[in-house]
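Got some structures for you, see below.
The same chain A turns up in both complexes below, where it pairs with chain B and then with chain C.
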Partner chain A sequence: MAKSNKPIFWSLFAAGGTVTAFVTPALALVTLLAAFGANMDMFNYDSIHAFAGWWLGKLIIFGIISLSLWHAAHRLRVTVHDFGVRADTVVAYTVYGLAGLGTLLTIVYLLRI
Partner chain B sequence: MSERQIQLEVLRYNPETDSEPRFQTYSVPCLNEWVVLDALNYVKENLDTTVSYRWSCHMAVCGSCGMMINGEPKLACKAFIHEYGDQIRVEPMAHFPVERDLVTVVDDFIAKFASIKPYLIPKEEKPVSAGEYKQTPAELLKFKQYTLCINCMLCYAACPQYGLVPQFLGPAAISMAHRYNQDSRDGGRDQRQEVVATNEGVWECSFVGACSEVCPKHVDPAGALQQVKVASTIDWYKEHLMPWVKK
Partner chain C sequence: MGEEMSSKPYVREIPKTTWFLRQARYKRYMAREVTCIFIFAYTFLLICGLGALASGPEAFSGFVESLRSPLGVLFNLAVLIMTAYHSVSWFVVTPQAMPIQRGEEFVPGNIIVNAHYGAWAVVSLIILIWGM
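Now for the complex of A and B:
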């Protein structure tokens, strides 16, 4: 039997899971606080725009968005399988395709800032 | 000692003569401290000698009496009557073909278990005169938990993935591979990875975690499988990105 190539997707999934578990709740909280009018100068448009313009800022934003997408894609693939849909190849191409597209768009938009 | 009348519904099936399985109900006077296996033994001794089931030790060591009790994979010797109502349904372990009544055909598991080479493969053979292979308590601790597996196969009956994809190597076999891979005296990991690191090996696992929930010996197969995934992923990157690095 040939060894599996699933480690590529699983490692993105695992890394994305870690990011999602630690960063996403914090982002959700901060966004909610800002939305409800908390006074946070750090999170005004200009500072965030400046952060996204800095190379390390770009890298951090890229990591969070793309890894979250790959995590969600793999999770969705497994969930669809668990729900009894027996079309793994089609599902895999679709969800990974979307994650790949999202990754590309993230790069494009970040480079344009 | 309090006694309770239990309606024990037993799945009866003889594939050679019956067209389909059916349930037969026995009324069993159970003592409160009995386990389901005691109730089955009562049936066998007093009510119906034709009921077939496996058991041996009656103390959760041999791993023979695994069955579905009210739909959950359990050892019949560890399932106490007082934890159930007056009606208890016992069926053969899910995902295995039935040989007779509660007795399942386990050849598939035995073959998979053998395929991961569940024995020490020393890095280099030493002559007896060279003395024993020594191991520190810390080295033992790395795999001791996985040695507690009694091959009862409850994890296979619980694993939805094994139910969907019968080729899946499964929780107990992969955990046992991990047990030997983690052993400081062992050098057989490369051989085991040929079976474990395949699509039908560890990568069929979708981390439902039911195996660890039903494991009567707290082996935590799901945890072992996640560790195997991490190690196999590191292997994959080494093999594909740094082929010049020797393992």
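Now for the complex of A and C:
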């Protein structure tokens, strides 16, 4: 059988879609409540700093962000095509590049905390 | 004349950007796909927050303050609606995406979907309690 990197691409996309399906609406709800002015622990400097300073906290943050980015980037590539833009190579470099940049920034920020 | 006609294959015109408006199924497909824009944007918001967190308390309170602008509220409301739509549409297709076989039979789709909804409720509750 011909070797293909599709299974890896697909499994990361599926993992990202699943992770984001489970956690993002609740995170967005907490963020929305904070935006409305509520004092949320997720946006309290000391508690979130302690969480992000803990190795498991770092791992959870990294996992959620990198998988969500990968999932969204892959789907965005298809969506742009669906809206009639026929420039897949440019689009692919852009969306995966942004996802890569976001992942890199996450690593840098987490190491600084 | 007749030959000319037959040598030209019939090409059905399909509008490139608005094709999905023709059928409810296509609209639902596009709505599902478009959720990724909000997931992408929200994840970058989280990365900005993480960057502010790494820079110190002042930068972080500036970040939280920026959430409280009308635009921040509107954006997060849109993210909540769109990501919840992603979750529902994602869980609904799990029986097709990963069917589970028990012996000869496949586990009924609604059991798999409901199990996902249940787990989603538990995870969401944990995040809400953790985040409050």
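FYI, the second predicted complex is superposed on the first by the 101 of 113 C-alpha atoms of A that agree within 3 Å, B and C clash if a C-alpha of one lies under 4 Å from a C-alpha of the other, contacts with A are read in each partner's own complex, and residues count from 1 in each chain.
The criterion applied here is as follows: a contact is a pair of C-beta atoms (placed from the backbone, for glycine too) under 8 Å apart; a residue touches a chain by one contact, two chains touch by 3 or more.
These numbers were taken from a predicted model, which means no experiment stands behind them.
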| item | value |
| --- | --- |
| Contacts of A:Gly37 with chain B and chain C, given as first, second, both or neither | second |
| First (chain B), second (chain C), both or neither touched by A:Ile65 | second |
| Which of chain B and chain C A:Leu56 touches, first, second, both or neither | neither |
| First, second, both or neither for A:Pro7, with chain B first and chain C second | first |
| Touched partner set for A:Phe22, first chain B, second chain C, both or neither | second |
| More chain A residues in contact - chain B or chain C | C |
| First (chain B), second (chain C), both or neither touched by A:Val78 | both |
| Touched partner set for A:Leu105, first chain B, second chain C, both or neither | second |
| Overlapping contact positions on chain A, where the chain C interface meets the chain B interface | 14, 78, 82, 84 |
| Chain B to chain A touching residues, read off their complex | 160, 164, 193-195, 197-201, 203, 206, 208, 229-230, 232-233, 235-237 |
| Of all residues in chain A, those that touch chain C in their complex | 14, 17-18, 20-32, 34-37, 40-43, 45, 48-49, 52, 61, 64-65, 68-69, 71-73, 75-76, 78-79, 82-84, 98, 102, 105-106, 109-110, 112-113 |
| Of all residues in chain A, those that touch chain B in their complex | 1-8, 10-11, 14, 78, 81-82, 84 |
| Complex contact set, residues of chain C against chain A | 16-17, 20, 30, 33-34, 36-37, 39-40, 42-47, 49-51, 53-54, 57, 60-61, 64, 67-68, 72-73, 76-77, 79-80, 83-84, 86-87, 90-91, 97, 119-120, 123-125, 127-128, 130-132 |
